[in-house]
Amino acid sequence: MEEQHIEEMKKKVIEAVSKCRICMSCYADCPLYESTRGFVTQGPSGITRALYYGIRWDALDGKDGQDLRDILYACTTCGSCEVRCKKSACNIPLVEIIETGRKLLVEKMVGPMPKQIKVLESLDRNGNPYGEPAEERTQWLGSIDPQDTAKIKLVQGDLKTETLLFVGCTSSYERDLVNVPGSIVKIFNHMGVDYGILKDEKCCGDPALRLGEAGLFEEMAEKNTKVFEQAEIKRIVTISPHCMSSFSQDYPDLPNNITIQHYTEFFAEQMSAGNLKPQKSLKKKVTYHDPCYLGKHNDIYETPRQILTWIAGDSFVEMEHNREQALCCGGGGGRMFVEIEEIERLSEKRVQQALDVGAEIIATACPWCYSQIADGIKTSGNEGKILVKDIAELIAESL
Amino acid sequence: MEVIVAIRQTPLLDGEIVLTADEKSVEIEGLKYHINEWDLYALEEALRLKTEIGARITAVSVGGKATEEAMYYCIAAGVDEAVLIEEESSYQLDSSSIATLLEKFTSMRVFDLFLTGVQSEDTGCGEVGAILATKLCVPQAAVVMKIKSLNPEESIVVQRELEDGFSDVQRLSLPALLTIQTGINQPRYVSTMHLRKARNKGSIMRISPLDLSTGTGLPAPKKTMKRAFLPEVGSVKLEFIDGVTAADKAKNIVDRLYGMEVL
Amino acid sequence: MIDSEQICTKIVEGLEEVLEKKYISINRFERMANALIPFPYDIEEKQMPYAVVMPRTADEVSGIMKFANKEKIPIFVRGSGTQLAGSSRPHTHGIVLNVHRLNQFEVYEDYGYMECGPGCVVAQLDDALAELGYYFPFHPGSRIIANMGGVVSNNTSAHMIDTCVGKPGDYILGVEAVLPNGDIIETGTKGFRRPAGTDLTKFFVGGDGLLGVITKIRMRLAPGFKRARGIAVFEDLKALARGVQRMYREKRPAPMLMEFMEKEAAKIGYEIKGLPEPKGSAIFFVSVGSTEEEASSKLNQVLESFQAENPVEAYEVKDLDVWEKLWGAREVIGSFLMQKSGHQWKAAEVVCNLKDLEEGIVAAKNFNADMPSISKLPLYLYGHIGALSMHPGILIPSDWNDEMQKNALDEIFQKEARLNVQYGGCGGEWGQFSKRKDFFVQRYGEAAYAFVNTIKKAADPNNILNPGILEGYR
Amino acid sequence: MTKGLILAIIEHRNNEMRDVSWEVIAAAKDFSSKFDLNMAVVLCGCDCSDLASQAAKCCSSLYCLESEQLKYYSCDRYGAALQGLIDKLQPTVIVLPHTTQGMELGASLGGRLDVPFLPDCLDLFCKNGLWIGVRELFGGKVRGEFQAALSHLVIVSIRPGRFDVVAEESVGNEIVSEKILLDSTDFLTEVLELIPPATGGIDITKFDIIIGVGRGVGDKENIGLLESLSKIMGGTLAATRPVIDMGWLPRERQVGQSGKTVKPKLYIACGISGASQHIMGMKGSMKIVAINTDPKAPIFNVADFGVIGDIFDVIPPMIEAIKVRQ
């Protein structure tokens, strides 16, 4: 018998998976199944059943352990399978089972994928998954409009702020995304919001949890929670849906008087309250890609569309697969840090779906979706035909 | 089967290297430490033997208080016993002193296989394994990239990585010592929970160098660093390509190479 | 573990010239995953495949079959694995031939037909053809994932009422198939007039996967229908049955779809969809015609028959939202009950003749009454009553161990066989063999069963292709 | 006081003398004149008379220890054989190349004779009777002067590629070859086979232009960028050990101590910090361009041209510039 928490995880998986009726409906919506060779273990009930038998056969070590690891870590955790299973089958918590499997393999020292180990080490050492130095976290401020940076309150030590803009690692370090935090800062200043940015902001810890390193996530969550309490923060506005999802769903003891909002929620609120009015309307045809961690994981489908309708009116067009049916960009669940063979790249399929409705701009609201789609535009040779924009950029451009 | 693996903590290489005031050595205060990369592969190879043939693993290191962290890492990773030969000024010890301490320690126990990393990231001497094997009068093989076969209590067959793509295969009778090359395996990830459990419940066997009956305190070093200096960068023939932006520099270097008909 | 190491490597080496190595998997979990079927009791050791191969062309399938024949290694063909008579689970060690990559799809409007591979997904084809204004004859419950190879091999009607649109096989002009010995043949025609006399298509369409691997299906492009929708609620099941009998006896035009929900089932469905509680068992049906008017007039003729059995209510549903809710009610019962109870849904397929429908529907209602291990389990009755087909659905606890689950399944198939023999009907959705072989022998006799075995033996002397389906298994 | 002796141990493999042997003889010559020492060279092996005569052309006295047991190098056999000669000749300094063989042999001889060993030295000098070796620390970012403890004998291994190859001069070649028979009971190792490098795959040593890929490339996906640069230049890709260990490029493209040695017309080092093991394999290139963000990276010690910048910013415009010229 192994340690208690490992046995508990095993029991939880066996119980949850044995309720699955193997009706295979989840394969109809799984982006992994659609974009890879189409093996059965590249689809939801195949992955969860592989974990089930991995436990039943006690095959979590050695070669079998590595095969199971490769199966479990290919999933983008987008949640499309859960949407389908809830609607037409047994409502099995498939993503939760897969992530429990990852935690199990990490505790058995089989997970994560070799390439993802340096991500966890960097999270621990530098407070971001990219191996960038922690002290360069706010370097992006140097490359945006100086008038905007002047108004930013850099929160440090015992400085307080009611509203915190949580920038996130990708927006802080990814050079060709600098326009996203830049736009948000411009909008905040335009509205005269009193807000701050943490000088030594550290990753929210989401990648650690998605990769199954629950212990590291707990430590990171604890540290961040102390920082938020110390700065007496009442509202956290995040740029990435992953940070928002992590704070609101995974942080164990974040004080409940702190409101957690993705920036689209905050701006939509401000727009309907009249504090934020787009001046120039967007002429180009724009469509919207629902980030999985905004839509499927947190049911935020309409707010971003409200903003886009305010800005673009009826030149905002809907793709065939939207809201709960939106196709995943392939970046979630740790997939940004490891290369999974794609026969048809998800990001390219999504770009094609946008072109099919005549869109000239694909708007989204997640840095990972942004980079994946930007990549998809390049590799599918559609540069010049279509652009990817973050909703924040569109709002800023409309002021 | 008893396997001993020697571990050393080396400073993390990224960032600025600063010399001490007397320019006698490198300033190690404030540097972050981690387990020497080669030793991580040696540790993983030992743990592989544990899972595959149930070998009993002892991790041993010569170091000060900071090295406890490495010992807890080994315990978390799954070694059966973690031994720390406590010496606060271990950074001043040279390879032969460390080898002598390890020899005194190892001769007090029974072992079948002793694993070390080929060399350490900071000093890069690659001596400890060879000196130790010679003093213990056991066969040794350096730069091992594969354990081909193992007949416990009898012999081990290894493949060694040589220059220019050559390699050779040697059989060594046990007990034997191997120095392990990077890339032999894929070191595991040790989770925070395991580390936390190791720190709370794990126990490190501490030995003072004096108990190792080396007579008068620490063994005399065979070599000591008298002076450290930062090499002036660039060979005499180096010319930095100028240019404001990266694109300018790119264009200039291409022009130079075409100018010299190298392209 | 079986000492399959050498066999697996032999397979990989043997097939290296046949298809790309990356589509040959001997990964232990992938092999298990290709033995998954909707009866989730554990896979037995002997059912563990040696390897999984995913061919892309008929030639590759042929190469695989030839290799399998030479090495005497069984081949189990797999599409989505959702067939409800358990045909997709391998019965012994062997190679699983997964047709997922055989998914070419081309519409030749100038020829008036379309061609698709066995790996195409039913719903995707259905939607694509509907967009072009064509009718698609396959409408199984698992349409969003079911593969063409499976539905064609079973010739499954599911919701589609035979008396209106015939069997789906009627729309298939011909197929390309790989015989068990690896030969590739083509059957049928490119025209609309199908062969008189010997037409080998019938050996594969509804062939239960016994005589060959379908690698291409050619299907006629039939014009789409306009639809009219109706509902009728009857006090009790007998009245409902009499309504249907009257529809046929009074020579009314048969509807394309005619579903029913017994009161208990309907109550749940209506509740979930926020509809007022039904005052009895309900029938929803769709009549079709080339124009709205024609569809509506056909519908009303059927309603006239129903009126005669004084239903609680019977009317044409004009409001699409109400219809979506009514039709949706039927689809959510299964998932709602499973999620509430945490148990798993298993249904039988009881098919009656017209004369005894009144008695048959009651027998279906009390389906599990006299069956030892399932009599106390909750039962909900629904089905395609227009085709005289009824699904008594039972919730089997998922924490029952394998043996108890198998017993429950056995009893369901045994009772189903007994009723179908009694009323002379037969399953029209899930094929004739595997878990339902006993019915075939009881219904058609040993001679008929022997006859099928003779054909199988002739076509597949080494019994390489899908062994176990014809033999049937518990 | 008779003059001291410096004894050079040379290496051969697969019946060919290794380049480092000529370098170590050159170093020994240099040290013998600088520190007024006699010089001798020793070669161990079996039926290696032609190798001995080759070596004898460049040194005045050569010892050749021959025995079937010395056919292949193994630490205990070579150690035992050399110990006899060392006791006899009582050298002051033993010098050998810092190769996989040299580092093991030097350290074990040091352990066996309980004398200091200065591994991987860039230079050697003597200050009032104490030998001092200049060595690299922290991957070449720092250098240290290591003083050996006072001892009748010091063993030194020298960094390959550090000394130029000795020129041949027909010196009076006195070859002392001894057939020796070692007591095989104390041999606990046995060399089963020597495996030559895998044939097949690309032979990067044949290319005039080589693009070196280092850890700085960041991820396997980015190698495509360097691939297009090497294609447009008609060159090929090579890589440092970490890139090979991570499986981003096949083993046959590894340049360095445990990989291949290349001497192309042009070597462009992209994102390579310049670990000694890598520099050893490419420093012989005619022209070396190094692209790195860190101006202090050791790679610049061997480069002709240095471009300070991120390879993702420098290489695309380079490709454009070349396209324009073609």
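Things worth noting here:
We just call them A, B, C and D in the order they show up, numbering each chain from 1.
Convention: a residue touches a chain if its C-beta (ideal position, glycine included) is under 8 Å from a C-beta of that chain, and two chains touch if they have at least 3 such contacts.
None of the values given here were measured: they were computed from a predicted structure.
Note on connectivity: the fewest steps through touching chains from subunit A to subunit B is 1.
Each chain gets a centre from its C-alpha atoms; the one nearest the centre of all protein C-alpha atoms is A.
Note on chain placement: the centre of subunit C and the centre of subunit D lie 71 Å apart, centres being C-alpha means.
Taking each chain's centre as the mean of its C-alpha atoms, subunit A lies 39 Å from subunit C. Computed centre separation for the pair subunit A/subunit D is 49 angstrom, with centres defined by C-alpha atoms. Averaging Cα coordinates per chain places subunit B and subunit C 64 Å apart. The set of subunit B residues touching two or more other chains is empty. Among all residues of subunit D, none touch two or more other chains. Listed in rising order, the residues of subunit B touching subunit D in the complex are 11, 13, 17, 19, 25-26, 95-96, 99, 119, 121-127, 129-135, 138-143, 157, 159-173, 176, 179, 181-183, 220-231, 233-235, 237-241, 245-247, 249-251, 253-258, 260, 262-263. Contact residues on subunit B toward subunit A in their complex (touch as defined above): 32, 51-52, 77-78, 186-196.
Subunit D meets subunit B in the complex at residues 13-14, 18, 72, 74-76, 79, 99-101, 103-104, 106-108, 110-112, 115-120, 132-133, 135-149, 151, 188-198, 209, 233, 241, 244-245, 251-252, 254, 257-261, 265-266, 276, 286-287, 289, 295-296, 298, 300-310, 313-318, 320-322, 325.
Interface residues of subunit C, counted against subunit A in their complex, comprise 22-23, 25, 27-30, 32-34, 36-40, 42-43, 52, 54, 80-82, 98, 100-101, 121, 123, 142, 144-145, 331-332, 334-335, 338-339, 342, 344-345, 398-399.
Subunit A contributes residues 18-25, 27-28, 37-41, 45-46, 49-50, 53-54, 56, 59, 64, 67-68, 71, 86-91 to its touches with subunit C in the complex.
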